[in-house]
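One chain, subunit A, appears in both complexes that follow, with subunit B as partner in the first and subunit C in the second.
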Partner chain A sequence: MKLLPLLIALAAATPAVANSLVSPGVRPGIARSKLAATPVGEWNRLSRVGGNNVEVWTIDGDLLNKISFYGGIGRGRTLLRQVDRKRQPLPQVSATMLLTDIPALLETTYRAQGAVVQMSIDTQQPATLGTRKAIRFTYSFTRSTDEVQRKGEAIGTMVDGALYLVTYEAPSLYFFDRDIAKYRALLNSLAL
Partner chain B sequence: MAASGYPTAAASAVWQQLMAEQDATAIGRGQKVRHVYRSGFFDSHPTELSRATYLAAAAGKTPGGTDARAAEYRAALAPYLPRLLAAQIRMNDFGGSDFILGALADERGWTGELLFARGELYRARGNPRDLQMASIWYRDAKAAGYAAPELDRGLGLALLRNGRTEDAREALAAYLAARPDASDARMIQALLAN
Partner chain C sequence: MPRHVAYLAAMFLLCAPVAAQEKTGSKPGFTLQPGTVRIVLMRPSIRVGAQSTGGMNEPNADWTDQARRHLTQALHDAQSQLGNVVVDYEEGASGDGPLLTQYTQLFGAVADSVIEYQFFPGNRLPTKKRDKGFEWGVGADIGKLRSLSGANYALFINTHDEYGSTGRKMLQIVAAMGGVGITSGVHVGHAGLIDLTTGELVWLNADRQMGGDVRTAEGAAKRVAQLLGGFPGKAAP
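Then we have the complex of A and B:
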């Protein structure tokens, strides 16, 4: 009988650790921040994320299509949680960063983790996120673990010294082009 | 290796250089420098220090030739060097990267290419003092004959981030004049418009 409270506790705890469905409609407080979006279709929110103010959405799994929201990463903090602070420290956000430093920060984060062995920032253009001036950039990269060529498109801005960044990443082959329209639609609904 | 005509001491030198780079990385991160001779229980390879030591001992017995053909090696690597350095600068390893640049400069002097890379490295770390040093390295690179427009881009962004807007404008305008259809031209224009 003593098992029962444990089972109840487990059952109650499960939704908190499981992936969850993102239904169409307004969704505020993405990545525990001011970011809000209104997805048209359904997405899956992964419970496994890289950091405190990071939220990951996917359709078919994060290796195939992945949107990462970085919500208000402040000065001195890293984009992702540091797995090995001693041997692979990640670069920190600085309040004085220019918009053009955002792609470099993403690339340095990926390379410093040791997983990404090839990466290039392909284009950088001015954009707006909500009402803020932002940078929209595209990139391509390869991880040593699966050696799949991936492409990415992202938008980022600095608000009061904190970084807001949304990235879309998918394999260049088939998936990136298939789902880019869904990402862009989501991006158009993004509010900050 | 001795039969090939290469100096056999080079095998040990590779490991010594690697250890020196690891030291620079550790110092750059404010960590203790430590090399051990014995492998740990779970290690799959001998340590760098033990390799450097036994290879040096072996080289003492059979010295081999005297010409490591370093010039040919450098010439073969030269086309790839800018890409390798750019990737190294994005590794978030300031101490190690600066060590590599210094080691390259030891053998060939501070060329415009190396000074430019050093400017990029300092700009990437981005402390106010680094940005000031970066502008100096960029200008030294220009004085050393480095002519790529990306130099003006780096210089302009370093100055802009350091609050020296007027000088930054001049450098970024020079970049845009030289590369009007660069993939980031509109972004740089937008920064200038601020």
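Then we have the complex of A and C:
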């Protein structure tokens, strides 16, 4: 019996210290990285995260509206902390990744560890993140854990071989449309 | 005890929420007088399975069928005692069925969020902690559905049970020896009232440690009594 991965998963799934308030104004060092943003409204920063360089902001909880910042995931590292390296290996960031590889990395990660039973990358287009070339894409997915259909919108870029990715996800019904403008306003303030 | 087990045990103890969990919430000022409104009981979402050693859900169709039969009967028995007219959802020719299924699943996500970020006081979101309210909902568009016309509220009920496998129970014992608490089995239940004018969640009973074995008639009756305990407008027993 593999006890260690199970105990790690259990500890990771348990609420840790309190969630914190993100006030309007400049916010540097997001996800322990060069990412910065200037939110105009308030957000909640969850204490629970899925990795070392991951930060999650929400309004009503991560099941209902969730912005994930992945700040400089370097070569050989995974987007999320691996729960079971042997049975559910996650794809690793490669320093030679193209921008067009980023959506597939997210999808493969979710299929491996996110209990995702359906996922599609719906649109992809060139964009800029700060002053850098980036890819903007939309997607939709359903997890077996709650069977809620969710939509996502993301922007990603590679800087010196490290991945910077920001995603917004919410249930297709009601929440996605309600909060997408807040995400896009935040996105427009991103600096890298 | 191996060092990594001791480390993880300590980490788990540090991480565990210290505050007791609340199980019921309602919008401030919300009351329901008996005999004043029409409530539609939505088709309950019922999932029953086994929990593997690793904590994965393994759906069991037979158990789910048993639970659906017993819970439906228990809800039918309870329906007339809720203080207001409670009718079963009828899709008719509206074609609303698939959308209502999505609303049922969305309600589950909202209810889970209330448990996580409202019922655990130590885990509350700062923006929600400050206003001390109960601001949750599924959006006002639900009230536009033809199949819900004439109703004032929708009553959603979800149950999700996973019965711990032998391996899971063994893991629970081994982990306990290492000082780590692992639960065996999942028994989640939500009962919530949505105001069909605003889409707001006005009352919720929700718990991740529900009682009653829903695979039996007695257990299903116990579960329904727990889910509908304190139902607004219901006469005190």
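Keep this in mind: the second predicted complex is superposed on the first by the 175 of 192 C-alpha atoms of A that agree within 3 Å, B and C clash if a C-alpha of one lies under 4 Å from a C-alpha of the other, contacts with A are read in each partner's own complex, and residues count from 1 in each chain.
Rule of thumb we're sticking to: contacts are C-beta pairs under 8 Å (C-beta built on N, C-alpha and C of every residue); 3 or more make two chains touch, one makes a residue touch a chain.
What you are looking at is a predicted structure, and each value in this text was computed from that prediction instead of being measured.
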(message) So in the superposed three-chain picture, is A:100 touching just subunit B, just subunit C, both, or none of them (first/second/both/neither)?
(response) first
(message) If you tally the residues of subunit A touched by each partner, is the higher count for subunit B or for subunit C?
(response) C
(request) Classify the contacts of A:82 with the two partner chains as first (subunit B alone), second (subunit C alone), both, or neither. (result) neither
(message) I'd like to know which partner A:112 touches here: subunit B for first, subunit C for second, both or neither.
(response) first
(request) Examine A:38 and indicate which partner it touches, taking first as subunit B and second as subunit C; both and neither are also allowed. (result) neither
(request) Quick one: classify A:19 as touching subunit B (first), subunit C (second), both or neither. (result) second
(request) Return first, second, both or neither, reflecting whether A:91 touches subunit B, subunit C, both chains, or no partner chain. (result) first
(request) For A:135, select first, second, both or neither according to whether it touches subunit B, subunit C, the two together, or no partner. (result) first
(request) Considering only the touch criterion stated at the top, classify A:125 as touching first (subunit B), second (subunit C), both, or neither. (result) first
(request) Take the contacts of subunit A with subunit B and those with subunit C, and give the residues found in both. (result) none
(request) Mind listing the subunit C positions that touch subunit A in their complex? (result) 4-5, 8, 11-12, 14-17, 53-55, 57, 99, 102-103, 105-106, 108-110, 112-113, 116-117, 120, 122-128, 136, 138-139, 141, 167, 170-171, 174-175, 178, 180, 182, 199
(message) So in the complex, the part of subunit B that touches subunit A is made up of which residues?
(response) 29, 31, 87, 90-93, 124, 126, 128, 157, 160-161, 183-184, 186-191, 194
(request) Would you tell me which residues of subunit A are touching subunit C in their complex? (result) 1-4, 6-11, 14-16, 18-21, 42-44, 58-61, 63-64, 84, 144-149, 171-175, 178
(message) Please output the residues of subunit A touching subunit B within their complex, sorted ascending.
(response) 86, 89-91, 94, 96-101, 104, 107-109, 111-112, 119, 122-126, 133, 135
